[in-house]
Structures are given as C-alpha cells and as structure tokens.
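You will see subunit A twice below: alongside subunit B first, and alongside subunit C after that.
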Partner chain A sequence: MTGNTLFKLGDWGIYALFIVTVLGLPLVMDDVFWLNRISKYLVYGMLGIAIALSWGYAGILNLGQGLFFGLGAYMVAMSLKLQSYTSTQQGSDMPVPDFMLWNAEPGAPTELCCIVQGSWLWLPFQSQWFGMAMAIVLPVLIALVLSSAIFRLRVSGVYVAIITLALVLLVRLLIIDAQPITNGFNGLTDLGWLTVAGIEFDPYMVSTYYVVAVSTCVVLLLTRWLVSTRAGLILQSTRDDPNRSRYLGYDVAAYQVFFFTVSAGIAGFAGMLYVIAAEFASPSFLDITFSISMVVWAAVGGRSSLIGAAIGAILINTIEATASETEMFQEAWKLIIGVIFVLVVLYMPRGLAGLAQDLLGRISSARGSGDKQAARSGAPAE
Partner chain B sequence: MVAALTIDALEVDFSGFKAVDGMTTVINEGELRVVLGPNGAGKTTLMDLISGKTASTGGEVRLFGRDITNRPEHQIARAGVGRKFQIPSVFRDLTVHDNLRVAVSHEPRVFRNLRLGMAPADRARIDEVIALTGLEPVLDVIAGDLSHGQMQWLELGMLITQQARVILLDEPTAGMTQAETLKTADIILKLKGNHTLLVVEHDMAFVRKIAERVTVMHLGRLLAEGPMAKIEQDPAVRDAYLGSGGAH
Partner chain C sequence: MTETLFIGLSLSSILLLIALGLSITYGAMGVINMAHGELVMIGAYTGVLSGIYLNLNLLFALPLAFMVSALLGLALERLVIRRLYGRIIDTLLATWGVAIVLQQLIRLEFGLSFFGIHVDGLGPGLQSMDVPSFLTQPFEIAGVPIQTYRSFIILVTLLLTLLTWFLMYRTSMGVQVRAIMRNPQIAAACGIDVRRVSAFTFAYGSGLAGVAGVLLAGFKTVMPEMGASTVVDGFLVVVVGGVGSLLGTVLASAMLGQINGVFAILTNDILARAIVFGVVIAIILWRPRGLFSFRSR
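Here is the complex of A and B:
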C-alpha cells in the first residue's frame, strides 16, 4: 500500500516539477532569444502529448499529425498576415497581403475580395479571433470526418499510418499549388503580432513565453485528466482488445474518433502557438519528416506517458539546437538522432518514462515490502 | 417460463457451405444449456451468429422477444448478450482491477464516461465478482501476466460485471487443469438462475457436472435435445459421433 502511494506521489511529483520548471524558467533565464526558442520547444512538447494520446493510449499511429499542426498554423497566420504592415500598407482600405499583389494579374482590383482567384477566402480572417478559432475548429472538423470514415470501416494499425501519411502529403501539395492565396513554398511570412486588449505579444517578450508555457501546462493537465476518466480507461481497453470492448457493449469507433479528434485539436492549437512564437507558417510543417520527428520525440520520451512524450520532445529539440550549432555535430546530428531512435525502440520500448517508472517502481516496492526483501532483490535503497 | 434466447431457423451460408443450417432452439430464462456436437457441427458458428460476429443469411435471433439478428456487436452486447471466447480475451495491458472496471458497461457513451471514479453500486458489484472468482490476490497484476486459468476466470468475471442477461461460453475449460476445471464449474453453477447460460464444451466430465438440458448439433442442425441422461442413450447422437470419428 505504501509502495503504491509512493508511486503515485512520484508520478504527480514529476508533473509538479515540470510545471514549476516551465513557469519559473523566465525568473532564472533572462536571455529572450533562448526563451523564444524554448517556447517553440514547448509547442513541440504539446505535439508530443498529442502523439502519446493517440499512439500510446489509443494505439493509433498517426504519421500525419503535421496536417493538423500545419492547418492550425495557417489559420492563425492568415489573420496575423492581414494585421502586418506588409498587408495594411498596400494602398487600399482593406488589408491585402503583399504576395497577392505580386501574383495578381495586371489591372486586377486591389481588394481582398477579388485580387486573385479565391482570395475572398481570406475575408473573414480580418478578425484575429476568427483565425484563432479556426486554428482549432478546422483540424477538429477534418479529424472528425477522417477518423469517422477510418474507424467505422475498422481500419487499423499500419493502414491508418499510411492513410494519414498520404493525406498530409496531399494537403501539402494543395497548399503549395494554391500559390496565389497561400504564397506556395514560401509560406506566410512577415506576420503581425498577436494583439489582445491592446497588448502586443512580441515573440521576444516574456509575456509571449508565458502564453505558450501556460497553454502547454493546461493542455498537459487536461489530457492527463482525460486519460484518467472512465472514457480514457475504456479507450485503453479498445487498444488492447477491440473485440472484447465491443462485446462489453462499447462502440469502439466512437472512442477512437473522440480521442483522435482531441489529439488533432491539440495539434491545431500547437500550430497556432507556434505561429505566435515563430512568426511564420510554411508548407514544411506538412513535410513527412516533421510528422515522423514527432513520433520519434514521443517514442524517446515514452509513448504511453503524456509527460514523458512532452519531455522527450523538449529534450531532443534542446539538445539538437545545441548540438547542431557545434561544428562537429552539425552534419552528424541527424544520424545521432536516428541511432537514438533505433536504440530506444529496440531496448527501451517505453522510452524515458518507462525508465523513470521502473526506477520509481523499484524504490516504492523496496519501501513497501520492507528492508529485508529489498535487500534480497537487490533494489536500490534510496 | 420466459424465453430468454430464441433461435429460429437460423442459417448462414459461407459461399455454398451452410455451417449453420436451419438451427432452432429456445433457451429459457435462468437456464444453463450445454451445446454438444462433433467437430464442425456449427457450435462456435452458432455463437458467432448470436453475438453478431458473423452475419446470418436466414432466420432470426430473439432476446427476450426482441429481434437482435445481425445487429452490430456492441448493440447486441448492450441488449444483454455477453460472450466468452475460446481463447481468453481480456485487456492484457490493463490490471485485473481495471479490466473489471471497464466491464461495468451499463453506460457505454463516450461523453457520459468523461468522469473520474465510479458509483458505489458499481464498486460493490465489482467486489462481489472479485469474491466469486477469487481474483482478490491478483487485482493489481497486469492481466497479460495471469495464468491461463486466472485469465479465464477474469473473462468470466467481466461477463458477470457486465450484467449480461444471456452469457455465451465457448469451451470455458479448454486448456485447464483438473482443479481449475472444478473451480470453473463452481463459478458457472453459481451463475445459474441469475443468468441464462449457453455453454459449448467438449469435456464430458465437466458437462455431466453442470448440464441439465443438452442440445446436440450435427451438420449445422438440431439433432437432439433433452436431459443429459436421455441424450447419452439416444441412438441418433451415437451415430453422429461415430460417423464423424468418435466423441471427444
């Protein structure tokens, strides 16, 4: 009993430590350049959480999570682009993105409604709140339709991975192809700042860091609550044996759709925060390598642990930033991360979180069953 | 007597081969019915048809008068049919206790399950099942680490927790030791009366211990039905077993 309590305490201790560290970081770090960097890594941490939720808890390997991240990013970037001087100072009453002028046919009216074909799609994005809402609503809607189709047809395993992978590539192509309204390969750059109640969120300000940091902590705690509910337990049961869940009366597809969609919503939210911190959106968000990187972060951190996946993402990116700036590692970095991934998959399938759990488990069982047994099993005494 | 499960001229056609071919039987509420039959008689297929795993091509299955033929599995389960598979089917990565918690399935909808903890009545029911199945010492063990017998009892316990009105058991003692078989028989006998049970089994010692009425299937059809003693004397039953290579 004491062992079990200790185990739970240790688990919550890690959450508390994470949140205190993330929120307290600006007190000890006054380098705004690094704070901005870390806010981006926290966004990646959020993506790690989204992957752990669908891969670890639902058993659904989504190799196209970048689709939802990218869409979330584009939605808010469209709004912020319209607030930028590159849109407002084009000599018309309404803001018009600069790249649309470059793409417009001679003599086209310099109005957002009709400067290029399809530019009217941008009209509602003049409201920043519309863009921010769509950053979550659009990924959620697409995930809902997509996952309903996939899971009602009982598609599972590697086929889900292939479908999601194909879809992210398809949407990437569409975005690049719709160059007049998306600026194609170049993406949306020179964005304005998020402005709320007269406060401008300059990415290199502590307040912007806090927007991302608080969001990450809230998402972490909310998903943690979600997997602790009965619905979260039932979801895990569908991962282990979907037939058994069905014969208990659960509509397995409904659970898969719900959690897949939540995961997509988190990715969309992460995309939005990334744009606020990084000031651009680009089709590279929908590259296969990016979606696969997310899976690697989650695998290294521990796919069946939300906080493990988040820490995995933050850790890998922080090391990457440091290592890739050292001349010696600049080229070798990708190789190193590949080797780490292979080693983790082969020898540490539960990732860093699994390692921490084993350690905690040993300590608590040593405490729980008395000193004699602990000594016999050779468990560490601390 | 209330008819719990009515199987009426049930039929399935696997591209020309009729695994179940016009099977008819009625199982009353609280009854424990054993289904016997030589290999290939269609016993497991019959269970697949009742539980919705396989779609039938003719006939009807009624549960307390309600037509449940060819509904999706989860709807048949919600209507009150619980099923145990031949190969133990439990949630292998969850603890025994969590397995039983998932089995409390009277509220199957996603959004209604977005809450922590369980109602006291549900907890009490889980505790009853734990006492009945003797799983107390292994509650915190991951189900995948259980012995074969314990896994079978866990699955049985899940069906009881589920409060299935009709329980289908496909060879519940397969692969069990003598002692485990006896314990399983005890559990099943305790269920009789509160639940309606349909059991497919080959172990004749076990069948004699639990059976009252027996249904014998042959070539997808009903061959004989009645008390165990009478069935064992039935010449048609003997022929069916001898004709297909002897009894088990």
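Here is the complex of A and C:
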C-alpha cells in the first residue's frame, strides 16, 4: 500500500467516521437536552466548514461571517415569530409580534401592515417558506454584491477582513437601531416551531436533531465535492498565486466571488438551522466576538481542512459547555481556552487536521519502510 | 455648533491615542494586535488601582500606566509576537487569545479569587476612577463653556502625538523604525538590530494604549470588557489613514471622530457609529492602502 492511498483512505475514513458518529448519536444518547445542544454545535461545525472554504481554500479571511449567519437567523426567526402563540393571539386577522404592540404608538391599528413604521416588511414572512428561502437568498445576494465590489477592485488580504468586519458591525447597529421592527438588543425570542407537512419540529425532539445532523453531513460532503472539482482546483491556484492564475487566463475575481458567496450561503443556512434548534435570534450573532470565534474554531481544527474545521468547532464548543459547568473550571475555562488558542497558533498552525495528517504520514512512512523490509527479507526466499 | 465640534474633537483624540499605538505596531511590524484594547483596559485598571492603593491622582497614574502597559507589551512581544512575524493573520488570532487571557486575569483577580481572596479594584465588577477637582470644573473662553476634562484629554493627546512625531522623525531610533517599516530585510542588512528596535516599538505603542486607558477611565466605567470595542475602532482609523502614516492616522481619527460626533447629534449614537463604519468601508474600497500611504513594503 503506498502512502498516497493510505492518505486517501484515512481521509475518507475520517469523513465516514464523522458521518456515522453524527447520525448514530441519538441511538446511544437519549438525553434530549444534550442532543439539542449538540445540534447547535453541529451548526457551529457548519460555520467552521464555511470558514475553511473561504479561508483555507480561497485564502479570503472573512471576519464578518456572522453577518450571513445572523441574517439567515433573522429571516427564519421572523417567520417563526409570526407562528408563535403570542403573535397569533393579538386579536387581529394577521399575527402581530408582541414587541410591536409594546412599541406601537397609542391608537395605532393592531395590524401587521401598519402597527409601527416599517412593520409591513414583515408581511411576506407570514409564509414560513418565504422566511426559509430568504435565509439563504439574502446572505447570498449581499455576499454577491459585496464580494463583486471587493474582488473586482482587487482588494485583498487583511483589507478584505477589515471590510467584512466593518460591515458586520454596521448591520448589527442597523438591526439594533431598528428597534420597533427588530426588537433591538433583545432580539427575537418566543418563537413558534418549524412545521412541515403537519409535523412540528420541537427543538427537543430527535427528529429536529436529525434535520440538523443530515444537513451538516450534506453540506460537508457537497463542499468536499465542490473543492475537488475543476473550479475548486482553480480556486486554490488563485489562493496560492493570483497573478499567475490571471496570466494563465483565469478570471480570478469570478472564482473568488463564487466561493465567497457559497461560503455566505452556507453560513445563512447555518443561521436558519440554529434558530430552529435554539429558538431565538439576537444581534449577538453579529457581534465581532462571534465572527472571530468562528475563525478560531477553524484555526484550531485546521484552517485548510473542511472536516477539521467542523470538528474543531464542535469540539471547542462541547468542551466549553462541559468545562463551564464543572465547578472546578467554572471560572477558569475561558482563561484555558485563551491559552489554548495562543498555543495552537504558535505551535500547531495547521490545527488538529495537521496533527492527524502528520500522524498518518508517519504511519505510512513506517509502513513504506516496513514494505521495503518485507520485500528485502522476502527476496532471498524466492 | 462649536460644542458639537469640541465633543467630536475629544472623541477624535481618544481614538487617536488608541490608533497611534496600533499604527506604530501594525505599520512598523505588520502585527495586528487584537490585545491592544486589553492594554487600554490594563491602563485603566492601573489608574484605578494606583488611586486605591498608592493614593495617586490621575496625573501620576498616566506615566505609571504607560510603564505597566509598555512592560506588558514587551513581554507579549517576547513570548508570542516574535514567533509570528510575517504571518499577519496569525498575529491577529494569537493576540485574540491573549486578549481573552488578559480579560480573564483581571476578572479572576490574577487567580487570587480561586483562593477566596478579593482584591479591591479588580474582579468582574465595575470600577471607576476619581478625577481631581481641578479637571472637573468647567471654565469659559469668550463666553463659551469648555469642559476641562475634555480639553485635558485633547492636550495630552496633542503632547503625545508631538512626542511620537519627534521620536519617529527626529531621533536615530525613529529612522531605524521607519527603515524597518519600508523593508525589514534591507534594514537588517544595513546593520539595524530589527528585533531590538521592534521590541522597543511594540513597547512604546503598548504604553500609549495604557495612557489612553487612564484617560478613558476618567469618564467611562472601568470593566474587564471595556477594551474589546476600542481595538476595532482604532484599527479602522489606522487603515483609513494609511498604514505607517502618522499624519494619516491623525487626520483619519479627526475625520471619523467628527463624523461620529456630528451624526450623533443629528440622529443618534447608534446610527452615528453605523455611518462611521459605512464611511470606512467606502474608503477602503476606494483606496485600500488608506488615504495617506507610501507604496512598497
């Protein structure tokens, strides 16, 4: 067996192991509370994939991925808010979110169209499918416009990071400022459940876990396929040397725009799933801390490995949740996490995935020399 | 109107103090120091603690905070940043980890809280610093009331900017720093001790953050999270002004501070900040290298 096939086997083995573990988890774990939690971490894993795609494969560091996640979350949350009991029981034909009533001026009609200024924006969200579609369409549209501007103007490197960072902060402030229609700092809480064909997806139900788990696996495999296509290979060449790719006749910006937009779409989808599992949307999704955390998860897991970044995100969040509830670590866990980040960047720049690759490499080289030895010892016997 | 401009000016000067340090570390060394905000926070805590334990007032806390933050910056450079030169994004991530550690150290009172010991002035709660009375009494110039503390901030910023300009453009150390900014390899080939100069530069930039912290503590609550938002603002100023350009940093902070101040009056604080971010995005798209910058590096 050559080292190369071993690598490939190891690679597929890890993917298979991941998918089997994620899908088989409910069989061994019947604690719905933990299942719900893990479904949230799977969503974070999806964010890790999105980051690895744009950062690892395209070389574009997006420090504002929270923008797409947040918008996806808000779009679905608006729909689910209108389905909630408090919204449908306001004595109007159409559902009206409770916070709008608190913000309404005295004498304003209790109608979604005009209870507060701008509330008509909510009208189409009465359809749950509209909200779910917008959760992907809106991030994709914004990413398309933004990345076209960025990459056509050949802005690169740190400056892309700064533009995305400034944009996520900008939108966060707009959401907070539009308090009458977004509920400002408090975000959208008290949501209804996703209902498909009469089945209600209670977040604390195994079926909801499966919705998230299957989505994560599908996104993982699709992205893995995408980077192995011709377009994915060209993308990696634009990362390594944009000028040479340009001289070879490739439209570098087009590839960058496409993958940046795909990454944004994944983040929007993740935002949608998060709301279904966590039942709230808040401006904290657009906090700078959250966006940088995603990058850190990907860095710990391995920035240039899709599955590495996903595992990094899931692992860090699970450890955080466990550590913050263990009495001994209750206060110190954040400190420990900070130290781990520094150590990983200093000593393990390729993250967990790099560690796994080195391990596989060592095994395969040991195997390789073993094969040679076997061949040598076998030779005289012939 | 003059009052609006004056408030804008004092906002600008705090922004400038924070950005000045970042501009030096980013410009000279290509390091995105996300822990810069935490150095500001440490400066603020130095002010609070020196008030409680040493009974020093704000004027004496300023040099003390400069020393504390500069030493911390020196340690940070030695332990972490030195290993990451040339890997700009990694400096961002590693210093982000450092920022979390520094915040937690203050929150956990340097670990003493594990042993049930409480240190006054530390911990997760809110702290405040007293401003000496001669800095709080407003005075009038030609019938216009002027807030003394705000003018004090502007004065300190002015002095430190002049000092920085002097160090950078009138001393041999400054020549070496600027040489490193343009091209570290050639600078090293010319016999400049790049490591030593970089370490000093980083310490100086960190010290400026400490001073900014004390000044902030005079009108804002001091808490472990206070630094986190300042670093983003400071960084935007540096990029808009043009990396490594002192003049650019000064003008960009003046511009962004004034935009913030004016729109805060016209609309509200939140929208004013949103407008600032919008302006920043437009400028970076239009001129990625910032308004004032030299080419090459």
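Assume the second predicted complex is superposed on the first by the 366 of 382 C-alpha atoms of A that agree within 3 Å, B and C clash if a C-alpha of one lies under 4 Å from a C-alpha of the other, contacts with A are read in each partner's own complex, and residues count from 1 in each chain.
Heads up, the rule we're going with is that a contact is a pair of C-beta atoms (placed from the backbone, for glycine too) under 8 Å apart; a residue touches a chain by one contact, two chains touch by 3 or more.
Given the structure is predicted, the values throughout are model-derived calculations rather than measurements.
Residue contacts after overlaying the shared chain place A:Leu153 against subunit C, while subunit B stays out of touching range.
In the superposed model, A:Cys114 lies in contact with neither subunit B nor subunit C.
Looking at the shared chain after the overlay, A:Met29 reaches neither subunit B nor subunit C. In the superposed model, A:Ala16 lies in contact with neither subunit B nor subunit C. By the document's definition of touching, neither partner reaches A:Val196: not subunit B, not subunit C. Contact with subunit C, but none with subunit B, is seen for A:Leu335 once the two complexes are overlaid on the shared chain. Once the two complexes are laid over each other on the shared chain, residue contacts for A:Leu222 go to neither subunit B nor subunit C. A count of residues in subunit A touched by subunit B and by subunit C gives the higher number to C. If you check the complex, the residues on subunit A that touch subunit C are 61, 149-150, 153, 155-159, 161-163, 165-167, 169-170, 173-174, 176-177, 288-289, 292, 295-296, 299, 331-332, 334-335, 337-342, 345-346, 349. Residues of subunit B that touch subunit A in their complex: 51, 72-74, 77-78, 82-83, 85, 89-94, 98-99, 101-103, 105, 108-111, 113-116, 118, 140, 158, 162.
Those residues of subunit C lying in contact with subunit A across their complex are 32, 34, 80, 83-84, 87-90, 92-94, 96-101, 103-105, 108, 113-114, 228, 232, 235-236, 239, 268, 270-271, 273-274, 277-278, 280-281, 284-285, 288.
Across the complex, subunit A meets subunit B through its residues 4, 225-226, 228-231, 233-234, 236-237, 239-241, 243-252, 254-255, 258.
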